[in-house]
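Structure in structure tokens, see below.
Should a chain be cited, it is by its letter among A, B, C and D, assigned in written order, with residues numbered from 1 in that chain.
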Amino acid sequence: MKRRTSPSLSVFLASVLAPALVFGADVASSPWGPDDEIGRLNMITAESRKAALENLNPTSAYDLSVEYFIGMPSWQAAGDPHFQMWMTHTPKGTLVDDPLSVGDEMNAHVSYTGSAFTMYAHTGTHIDALNHFGLNGKIWNHFSAEEHLGDRGWKRAGVEKLPPIIARGVLLDIPAAKGLDELAPGYRITRDDIKYTLTVQGTDIAPGDVVLIRTGRMRQYSDGNRFMANAPGLGMEAAHFLAAEKQAMSLGADNLSFEAFPSEDSDNYVPVHTYLLAQQGVTIMELVNLEQLAEDRIYEFAFIGTPLKIRGGDAAPLRPIAIPYGSVQ
Amino acid sequence: MKRRTSPSLSVFLASVLAPALVFGADVASSPWGPDDEIGRLNMITAESRKAALENLNPTSAYDLSVEYFIGMPSWQAAGDPHFQMWMTHTPKGTLVDDPLSVGDEMNAHVSYTGSAFTMYAHTGTHIDALNHFGLNGKIWNHFSAEEHLGDRGWKRAGVEKLPPIIARGVLLDIPAAKGLDELAPGYRITRDDIKYTLTVQGTDIAPGDVVLIRTGRMRQYSDGNRFMANAPGLGMEAAHFLAAEKQAMSLGADNLSFEAFPSEDSDNYVPVHTYLLAQQGVTIMELVNLEQLAEDRIYEFAFIGTPLKIRGGDAAPLRPIAIPYGSVQ
Amino acid sequence: MKRRTSPSLSVFLASVLAPALVFGADVASSPWGPDDEIGRLNMITAESRKAALENLNPTSAYDLSVEYFIGMPSWQAAGDPHFQMWMTHTPKGTLVDDPLSVGDEMNAHVSYTGSAFTMYAHTGTHIDALNHFGLNGKIWNHFSAEEHLGDRGWKRAGVEKLPPIIARGVLLDIPAAKGLDELAPGYRITRDDIKYTLTVQGTDIAPGDVVLIRTGRMRQYSDGNRFMANAPGLGMEAAHFLAAEKQAMSLGADNLSFEAFPSEDSDNYVPVHTYLLAQQGVTIMELVNLEQLAEDRIYEFAFIGTPLKIRGGDAAPLRPIAIPYGSVQ
Amino acid sequence: MKRRTSPSLSVFLASVLAPALVFGADVASSPWGPDDEIGRLNMITAESRKAALENLNPTSAYDLSVEYFIGMPSWQAAGDPHFQMWMTHTPKGTLVDDPLSVGDEMNAHVSYTGSAFTMYAHTGTHIDALNHFGLNGKIWNHFSAEEHLGDRGWKRAGVEKLPPIIARGVLLDIPAAKGLDELAPGYRITRDDIKYTLTVQGTDIAPGDVVLIRTGRMRQYSDGNRFMANAPGLGMEAAHFLAAEKQAMSLGADNLSFEAFPSEDSDNYVPVHTYLLAQQGVTIMELVNLEQLAEDRIYEFAFIGTPLKIRGGDAAPLRPIAIPYGSVQ
């Protein structure tokens, strides 16, 4: 896998490394100009896609998403809607209701099933757009809520602006490197954990990579309360290492809130989110199911993720896949 | 592109061609056995993925999906929910509500945006699972609503069972072949239209392909009423040609209801749906945006589509992409 | 029926009559002080309730509400959610799902039905709270959206603050007085129409009354499109007569939008709403079903209406009733 | 207060007393005939309303309902939707979105607030219709789910059929009679508790009364977990006493689930519900706020409750009021 650092990226690196060291101050301007709404996803180019999709071994196509179901774990501390799905048409119900006025015989013959669903946008495997968290009333690239946020979402940096994400993906199986099944409750992943894991795995991170961090918390997914309680997550130094030093394009993890709580910064309850989204232009994926990749020790792969284009949204569900590299036997 | 017909597929072809000619009688048994819930998507194998992803030219990655927004076109004849999205958290609202009890200073500093959404599962670019339409109370492979349909969807053939769809894709630009911008309102695509389009395009359909049919109706998408009214769509003979003779794995189109109305079959208001889903095991994609592919005359491509795994659902949104083949210049 | 004008009301009358003549300028201060959130509903007192409930003849209790159902008429011009209801539990579905883990035998014996619903708060028979429409960012009594409106409604003047409305009610059957079945589409009710109707009916309006205006539009309720299209409604002069001169406590009508469109005021698309809500402190009821009262020529009655207490809401459904006065034969 | 037992009621009493003693067997036929969908609410007559509304002392009008708000206690064991409300229009959001295409100046002048909400029908103060629980696939009066339950509710016994409930109300303050602030967690109210309370209070129950049972659990309402956990409730003997012997028309309580769990009947997890709804035709009100009535020791009153008419629904919210009897000082 060749590194894809281009001249323009070097300029970019220089421009973001400095402000990135000052956590919490204010949102950053985009190196891609005042109209930029997608941040690092600008690193996706014809060239980068070409590199990411070369030499595939699609013997497996790993499904990195979780299912949506009533009762699934979701973040409820701020009162957001749970996932719900319901039937709007059933074969039997259609016979009773005849919603299309086609009569009993037709309804008995044509068996219609329809359903609907609703969710907080941050439910299940999803990606946070750059408008999800900002600082001081503004988001990435200084777009303000005052000017750009209506009752139907943001006119700027909405999740519908995100392109299909096609990139080299890297799995960091932190617990495996540390000889654990999963990280301890509340454990905060350090910069050293990441460097150590890269060494153990024999992998490196190239600018533009999608980096997926396994905490092992997904092992508790079937028990919503255990899954949610005091999850391990990424620390600020580690986030800085990945985003600013390694120039990862997008980050993901297998837990629900990405970072660990309580926060390291007494002035900011989600400093890793605001740092990545508002200061580094780095989108965040949560509830990414990395168990099978980890079991098969697939640490590098083509990542393909296509978030639903919900206009103005601050997050969207997606069902990403990972396709390994290498020659097929 | 090599054809991927394997010995087991020949058996399959023989088994489904016969019943397929009898429209409307009853649902079919799956050639993949009594437990099969995904029908033709069983044609996806390591081998087929390998073939589909070879020789990619990802200079472009075509986004085949539409946006979700309040007021978007959707099917309302049977009273299903419109798409809605709303803000659950805004930077200013958080200051007033303090939903996390973190106080004014924190809420002024950390600018939180959250949103939720709801939709009928057949809204926007989506795929119908095999349980969407059945016959006489049963769906594909004889699963009955009586036994398998609860208040939270189907225990069998739910859309969450569908694998990531990675396959060769073929675009049939019917209006272009006929020298039109788009097909006339209500026009029903014939078997000859498809054969003629294949000839004009110089393409063929191999077993296991995803076949995407352009009617041109997507050109009216910005005007919901025009988009919905009396759309052109696939006829039954044409469906039979694609599904039974050509052994397409999954079909899609750029309109909302796939087939044209009123139906050709006085006993069945959606005969193309029931034929494909319940008798052929062929999933159907709707509202697939084919305009850019058509403009660029890309008729063959790698199709990658990953429906959200909504447990028990009869459809799910997806944002499919198309990656052309060929050498990069 | 005695008039209930008390000394404090005279002060009130004087205070509101003047500003009321200046339409559109700005919101008004409440005569009930800077903390007032319910406006005229302060006129409800032990005394007023006593007067309203004396001498009842409850041979009939008129139900003034409409049903909620999928497909019911609702205001959609600004994209608000339609009414939806759906089953969350059915006897058969429970057998398949076993959501309470009680087993087949129990589920077959105990037949559970549950349902859920959703709606825009201004759907069906409902009351607008004083926060529904304001002027220049403020509502009645100068509460500002900036300070008091969160993501979960208003901290001030929410519909949950409205008391049970028990008052003398007066029906104004405008079309009957004019010898019509219903008012013409788009007809704007004048001050003279109201005075004439009072004369024809032999009724008067006392301060503190709930005044319900029949346009006759409810006759079209079964056809959603006809019901919604270009409805007749109240004009500004007539609103001023009822609110400022007659000191009605709350107003209602049988149409969906209360006033007629397009508006009389080129600077304000809902001048009757802003006048009543933000300048007079008068709540507005819409979709009040007056057909039976009109048919029975019941022009005075005890009005009892109890809006659901939706915290922070700007409207709430209610099912008001009217109980005639007079001695039972 | 005169008893209102009429000759027809005696027939009724005889007809229901016998089957009532056999708990759990099957649903009952209505003494009001095979088309009856409202059961005991048929006891409401012109006469009964007259009696209930005589001699009112409306110095107070007690509001017996709770507020709806995000995070409110609700029953979640079977995965039903929580209450949610959200803003669809705000003064600032309207400026950004311009949903009515009226332009900035207009949107800055006319300050529009709109909201929507959703809930499980059994949320907050509500009434269960007779279709909420049945036995063996049928509900009160032998209406079957097979024949009458569609995807949009029941064609029979839907909550929209319930009339405005105007009746004499009786409060049973069980904990007060027993010298307690509230009943112990899980306490099951007995027949003797009720008889003793009636004696202590000096009240009696007449056929056709609405009987409201205070457990005291409402004192915990502000803490959702405490409110929900192991609530005290009505036992089967006590239910029988009220429904069959005393001929109460409708029952209510201040807890969420009316009866206590686990159930007394190993074959039925909600025997009090099925007994009252399906065998006695007695509607049930839950989350009725009785604290103020209890504090003021108002044990008899006019009860006025008007459930929202949700077509086909199995429950509906209502905001009932209680008006004391007696001469005004």
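We take it that contacts are C-beta pairs under 8 Å (C-beta built on N, C-alpha and C of every residue); 3 or more make two chains touch, one makes a residue touch a chain.
All figures in this text were calculated on a predicted structure; none of them were measured in a lab.
Looking at which of A-D and A-C shares more C-beta pairs in contact, the answer is the pair A-D.
Mostly identical positions are employed by chain B and chain C in their mutual contact, as over half of the interface residue numbers are shared between these two copies.
Centroids of chain A and chain B (each the mean of its C-alpha atoms) stand 25 Å apart.
Separating the centre of chain A from that of chain D, both taken as means of CA atoms, is a distance of 45 Å.
The centroid of the Cα atoms in chain A and the matching centroid in chain C are 46 Å apart. Under the contact definition stated at the top, the residues of chain B that touch 2 or more other chains are 70, 79, 81, 84, 86-90, 92-93, 99, 116, 146, 149, 151-152. Taken together, the chain D residues at the contact with chain A in this complex read 70-71, 79, 81-82, 84, 87-90, 92-97, 99, 146-152, 155.
Chain D meets chain B in the complex at residues 79, 84, 86-88, 92-93, 116, 152. Of all the residues in chain A, the ones that touch chain B in their complex are 24, 46, 49-50, 52-53, 56-61, 63, 65-70, 77-81, 85-92, 99-100, 102, 105-106, 108-122, 124, 131-139, 145-146, 149, 151-154, 160, 163-164, 166, 267-270, 274, 304, 306-315, 317-321, 323, 328.
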